[in-house]
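Letters are used for the chains, namely A, B, C and D, taken in the order the chains are written, and counting of residues starts over at 1 for each.
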Amino acid sequence: MNPVNYLYLAALLFTIGAAGVLIRRNAIVVFMCVELMLNACNLAFVAFSRMHGNLDGQIFAFFTMVVAAAEVVVGLAIIVSVFRARHSASVDDASLMKL
Amino acid sequence: MSSMAVHSLWTTAAEPLDKIPAPHIEYTQLSPVLIVIGAAILGVLVEAFVPRKARYHSQLFLSVVALVAAFAAIVALAAGGYGSTKAQIAAMGAIAVDGPALFLQGTILLASVVAIFTFAERRLDPADHGHKVDSFAAEAAAVPGSDQEKAAVKAGFTTTEVFPLALFAIAGMLVFPAANDLLTLFVALEVFSLPLYLLCAVARRKRLMSQEAAVKYFLLGAFSSAFLLFGIALLYGYAGSVSYATIASVVDGTVGSVNPALADTMGNDALLLIGFAMILTGLLFKVGAVPFHMWTPDVYQGAPTPVTGFMAAATKVAAFGALLRLLYVVLPGLTWDWRPVMWGVAIVTMLGGAIVAITQTDIKRLLAYSSIAHAGFLLAGVIAATPSGISSVLFYLGAYSFVTIGAFAVVTLVRDAGGEATHLSKWAGLGRRSPLVAAVFAVFLLAFAGIPLTSGFSGKFAVFKAAADGGAGALVVVGVISSAIAAFFYIRVIVLMFFSEPKADGPTVAVPSALTTLTITAGVVVTLVLGFAPQYFLDLANQASVFVR
Amino acid sequence: MSFPLLTVTAAVPAVGAILTAAVPAARRTAAKWLALLVSLATLVLAAVVFVRFEPGGERYQLTESHSWIKDFGVRYELGVDGIGVALIALTALLIPFIVLAGWHDADQEASSKRWRPTQGFFALILMVEAMVILSFEATDVFLFYVLFEAMLIPMYFLIGGFGDRAHAGSDENAAAQRSYAAVKFLLYNLVGGLIMLAAVIGLYVVAGNFSLTEIAEARANGTLDMATNTERLLFLGFFFAFAVKAPLWPLHTWLPNAMGEATAPVAVLITAVVDKVGTFAMLRFCLGLFPEASQWATPAIIVLALISIVYGALVAVGQRDIKRLVAYASISHFGFIILGIFAMTSQGQSGATLYMVNHGISTAALMLVAGFLISRRGSRLIADYGGVQKVAPVLAGTFLIGGLATLSLPGLAPFVSEFLVLVGTYARYPVAGVIATTGIVLAALYTLVLYQRTMTGPVKEEVRSLPDLRARELAVAVPLIAVLIFLGVFPKPLTDVVNPAVRHTMSDVQQTDPQPAIQTVEAAK
Amino acid sequence: MENLIALLVGAPLLGAAVLLCGGRRLDKTGHWIGTLLAAVSFAIGLALFVDMLGKSADDRALHQRLYTWIPVEGFQADIAFQLDQLSMTFVLLISGVGTLIHVYSIGYMEHDERRRRFFGYLNLFVAAMLLLVLADNYLLLYFGWEGVGLASYLLIGFWQHKPSAATAAKKAFLVNRVGDMGLSIAIMIMFTTFGTFAFGPVLGAAGEASEGTLTAIGLMLLLAACGKSAQVPLQSWLGDAMEGPTPVSALIHAATMVTAGVYLIVRSADIFNAAPDAQTVVVVVGAVTLLFGAIVGCAKDDIKKALAGSTMSQIGYMILAAGLGPIGYVFAIMHLVTHGFFKAGLFLGAGSVMHGMNDEVDMRRYGGLRKYMPVTFVTFGLGYLAIIGFPGLSGFFSKDMIIEAAFAKGGTQGWILGSVTLLGAAITAYYMTRVMLMTFFGEKRWQADAEGHEPHPHESPKSMTIPMILLAFGSVFAGGIFGVGDRFVHWLEPVTGYAHGHPPISAAAVTSATVAVMVIGVGVAYLQYGRRPVPVVAPRGSLLTRAARRDLLQDDFNHAVFVRGGTHLTRSLVYVDHSLVDGVVNGTAASVGGLSGRLRKLQNGYARSYAVSMFGGTAVLIAATLLMRAV
């Protein structure tokens, strides 16, 4: 099966994730969408890695996972503290600063 | 893909492990980074084991020593010719040790040192329950206004974690402009972004705003890095490698061995161009260029002012470093594609930043927009696509970062009951109350405005000159116009400080400790020296303007 | 390495400024005296420059040259030609009087311990002096540009920080108008300067360095040839900045605000000293660097200059505010200066140069005396005065002489320059010459109307108790008038230094004077 | 000897400097210093005159060059003097009459606390006027020209507290400035044509220049002359100038300054000779003014204004004569001198009358004063006879010569001019008789003024009468001395040139005609004012009378056109400056601000919208990059 299709899938996932970021209000969900985008990247990496027949892409995928994990740590910490302060995880509520 | 390749893949993996060559690391060349990272890890340990009383001092000591040492290492390397003759690629092609890298790392380290001083300032707020307090929350995890927080304050907790966090960020920033493959680039980006997200969240006053800033910064940052990552993926897909050198050779078609797979992807420019565009998104986000700038004002406003200063200065340096390397090392073959695009970005950034800044009413947001405008000026230099372009950008970054840190340091001094008084109306008549502080701030503003005899002018002139030389005369004109617009709001602040009567309930100017004083002095000195006699530093930048490939 | 006279001449006031600023808040008077002494010292140095300068010698003399910013091709290059010498003399001459006239202008009570308005006021004046003098000495375009821009800042603080206390309306209103005037001044000139910056960069790209002498040389012997359009664009870039500074119609509107809101001494500083940098630069840089473009632009510029002359004078007649009236009068006079510069005749350019000096002195005389009057009555409105002549004859007398100088009466300095400009213009552009001549009627109109409304007629009640000029004020007015008369009947000392410089400029633009139709005995010898 | 020339100017200049800078401590002695220095300059003048008479007619001219005034590339202006017969004539007139009037003023200004300043101004005037006539180049002449303008400005407005005086002074200066414009333009043309503006070379080379150029120069010079000498159309200031103290009117606005225009034209004879068109214009201007002034003079009840009108008309005669060319120049100057005597005398007389009448100027409130102030009456009377051209007196000779010359112009032009001059002579006789009768004859008509002070007419002090007497001598004999045996002609001929004009009718006929019209004029005036009592309140009078009272509406015209028009112009320009020129700038600033305000709204605080902009941005980037590759 042509690996190019994996790329289309990756692109699709990435777009879905991006759309989610733009649409969803809940910070957690938004964040999950970002994760989705990262995973789309991973898929792309792996696909390309297979195409080119070298390991760089796969290794990159591992790094991405690690980074994603780190982002979860930091991100959740922030989001949770905001949630506790405002009793809402809505991104739109956090708009004290504007203009 | 042929089954042949797949097989080979398996077989390589099945080779006995001892066949994998141990990576060869040039510890001397990497010493600056290593020192900082090491210090950061130590910092974490300090948090873990050193009693609370002693933490502040040990952390401060540790970080300052580390940064100074790192800087010393940089100087040593530069003196050793690693910036010019012995420039090389270290750590198995992961990190470049060359002029631009060293120059930018040096700038970042110096900026960080002075920034760290403002982190450590504990003289501005009145002591709380007998404990000296800095600009960071007693216990960031505690809900604002909750009993837990009160208890933390009472107990005199302080978030000394900011020091290791800052160190991690700095380490990331040191690597970012030196990264010589996309993987390192990405990792470095995250390494310096994540701590910054946290640092934004831990303000002592106005915690809601601080947290909000953090959320926005984090979400948008993650969003942008996703773009960056996808871009990287596409680029990897195009070139079959993440190492700059290889990609470059593939882009300008000088690659040695072309296997069928590569030949197949090489033919597909869409991969290259889209990938490039998305990587650009990631970097321009960090740079704060229009239209990827919108996080800047909010984050700058919400974050604790010392952090803002640190971010504004160091992040820009690192990001521009990476941008330069990407454009000049990876994609020189693509110049004719990226130049027009960057033209557009530069123009909207210069104008956008300047115009929107006019109607700002909060000093920190004002400075945020001015930083956007300056990003635009820098981009004009980047576009020059000449060595003089590189050196001018390097110089500008050095000049700009000190002005910025100094300016934000001054902002921390002007306080009223609610902490820093950042609303412009509160600054009315400051010049009458404390002429010195006002004068210093005026110097910084004039430097931002690019008035001659300040570093701002030297930098602007260098950049515009390079742009004009590079045939971007139109950019210079736009730059000049936006400087004129920008001048208007810098002047507005000066008018406010000197020509309007002070308000009765106006803010007071806190008398800072030696730390902040040192920062501000450094800012002023650099601003004036680079204004009056910039030649030496221009020479440095010139020598440092050659990338290694 | 000879003694760096030029640098010192500029450095003295600069250092003096810093010292003055450093005087403790309580020691107000000390600061004033210090400032006065420094300005006098500068005057002495300027005199030395004037004497050391040999009219017969090199074009640029007392030159100094040090590497400054190699990377931008910038050198710290100083040198004076006759024009520079004359203007340096003017600056150095006026500053002591400005200091003296502004003796009490900055005595606002300090709103805080550390706030030192008086010290600041005089320090800023000296700083401006330093920058102006240096800009007259600079033979490096970049160096000149830097000063051209930098001098805006102290001026800006002088205008915005120390307003005229004689202001119609409330204090807030006054403050608002003042900072409006200051900002207007700064932005106008900054925009001009930035456009010039673009041109400066362009010049660098074309020429590769900033040395006036080198570039002019290269242009002369053809090693550096600019494309016609490039040259014109660069010329326009430079000229725009200078025209804003000069100011030339229609870029003039900042001047009345600035002069109206600023205290009289500062107003004099603006129009008599700082604005001269603009006209000076036209003569030295526009003509020196871009001869062809200058000639290309001449017709348009002459038209604008004529408009300035007539328009400025007419609007001056319609003013109700003494200082604004003087401001518009100055606009008219700057029209004459620019006309003379671009008439491209020896008489015109010598006249223009003399005009810069004479206008400086005459305006100073008129404006400072007007300032004394205003400070007495506390109003700038002409309508608030009347019959002053009866109660303060000396004040009225000096004011009248200042006025007569402004309408360039023979026997007073401005006549010489104005007539030279007219003759020089007529020689090349008869129509322009005739139109410009109407200026002398209009000048008489606004001056005499001003004098009549303020000084003559029945004595107004509020005016009845005005004291006549005090010793300090006499010390300001009398010497200025003396100089006016001296230069009016014996301008030779000035013309001697100016003529050679003008000869050089004429050769820069490859122009020769039109020859008279008939060779008479007189003209032959 | 020539080194004395500078002193002629220097002495009074010194006086002016001393008196004006001297301050109050000179109040006691100031007037003496002033008078003395004026006298000194007169003495020097005499000495030079005697010396000059000693030489042969052709090398009488003296030159003195002090220094180069304005040395500029190709532009040489010297401070240099030239004393020839023409200048000498003026020197004597100015310093002589000037001195007398200084003396007169001592008495006249006795009660004025600013007398010192007054003498300072007078000296300044004398100095400037001498400079004017002694200059050896047009630029220096211009110097003096404006100098006398300044002096006249200061003296007309000497009583500045009177708004009318201040206004009159300003008006005089402004109208003169219009003339000065002409002079400076003339100098410019000279410079461009001859490369110089010194008398010698310019006049020497005048012939070589094209007639067009010379006409232009001539007209410009005429414009200047009109301004200074109050000729139509620039005459309007002279009447108002009577606001000044009477000695001023006598010296400046009758005897000397106003005749500068004549001097200018005669001095520039060579130019006019070569520019007939210009000459024609000159003649016309002279003729018109001659009648204009005369008519105005008939209608005025203010004694000084009446005399002012007469001055205008008499100068009209001179200008006309000067316009006639070589046949007229000499007589223009001759009439100028005699006029200097008798008109000064008349003004001093008028001043003396006012002195005795509480400064009343309205002749309708005089009458029968001959009994009260005999000396004034006699001297004034002699001046009167002189001006109307009573045979044997000064005016008779000079005016008669001019009338002859006018006829001698020849052709219809000659006839027209001749009859105009004759008509003028008649009117002159009429209005002067009117003045005479209203002032010194008939019943006393004065009454108590507002404060109820009944004026007590009395003769003036010696300091005032003596100058009047001396001038009276001048007015009686000067003409004879000059006229008999053409002395004056021979005196001036070397400078101005002279051609004897041959009138179409015999000189005797012209003379008798002159006398005849004079008698008619006197007769008519007698019938109107001698036989019937003079009404104290002026009758409405004919349309012409009323117009004449208002200076033939010329002032109203000026007011309507220039003053009001100018006001509107300036007002509208001020508006334009504020709302248009400045408006554009402020508008731009405002619009940028508005744009900023709108763009600001995009920063709405919602992270998601920020994300949108990033997403969009990326999309654009991608599109752009691909596009770049596509094109």
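Note that a contact is a pair of C-beta atoms (placed from the backbone, for glycine too) under 8 Å apart; a residue touches a chain by one contact, two chains touch by 3 or more.
Everything quoted here is computed from the prediction, not taken from an experiment.
**Student:** Is the C-beta contact count larger for A-B or for B-D?
**Tutor:** A-B
**Student:** So how far apart, in whole Å, are subunit A and subunit B when each is placed at the average of its C-alpha atoms?
**Tutor:** 24
**Student:** With chain centres taken as the means of their Cα atoms, state the distance from subunit B to subunit D in Å.
**Tutor:** Here the centre of subunit D sits 81 Å away from the centre of subunit B.
**Student:** In angstrom, rounded to a whole number, how far apart do the mean CA points of subunit C and subunit D lie?
**Tutor:** For subunit C versus subunit D, the centre distance works out to 37 Å.
**Student:** Which integer distance in Å separates the CA centroid of subunit A from that of subunit C?
**Tutor:** 65
**Student:** Can you list the residues of subunit B that touch 2 or more other chains?
**Tutor:** Where subunit B meets two or more other chains at a single residue, that happens at 215-216, 219, 223, 227, 297-298, 488.
**Student:** Which residues of subunit A are in contact with two or more other chains?
**Tutor:** Residues 18, 21, 30, 91, 94-98.
**Student:** Scan subunit D for residues touching two or more other chains and write them down.
**Tutor:** Counting only residues that touch two or more other chains, subunit D contributes 589, 600, 603, 605, 607, 611.
**Student:** Going by the touch rule stated at the top, which chains touch which?
**Tutor:** Every touching chain pair, ordered by label, is A-B, A-D, B-C, B-D, C-D.
**Student:** Give the list of subunit D residues in touch with subunit A in this complex.
**Tutor:** That would be residues 600-601, 603-608, 611-612, 615 of subunit D.
**Student:** Would you pull the subunit D residues touching subunit B in the complex into a rising list?
**Tutor:** Per the touch definition, subunit D meets subunit B at residues 589, 592-593, 595-597, 599-600, 602-603, 605, 607, 609-611, 613-614, 616-618, 620-622, 624-626, 628-629.
**Student:** Applying the document's contact rule, which stretches of subunit C touch subunit B when the two form their complex?
**Tutor:** Per the stated touch rule, the residues are 67-72, 111-112, 114-116, 145-147, 149-150, 152-153, 156-157, 160-161, 175, 178-179, 182-183, 186-187, 190-191, 194-195, 197-198, 201-202, 204-205.
**Student:** Provide the residue numbers of subunit B that touch subunit C in the complex, in ascending order.
**Tutor:** So the residues of subunit B in touch with subunit C come to 429, 431-436, 446, 451-453, 457-458, 461-462, 464-465, 468-469, 473, 476-477, 480-481, 483-484, 487-488, 491-492, 495, 498-502, 533-535, 538-539, 542.
**Student:** What residues on subunit A touch subunit D, complex-wise?
**Tutor:** Touching subunit D from subunit A are residues 18, 21-23, 25, 30, 91-92, 94-99.
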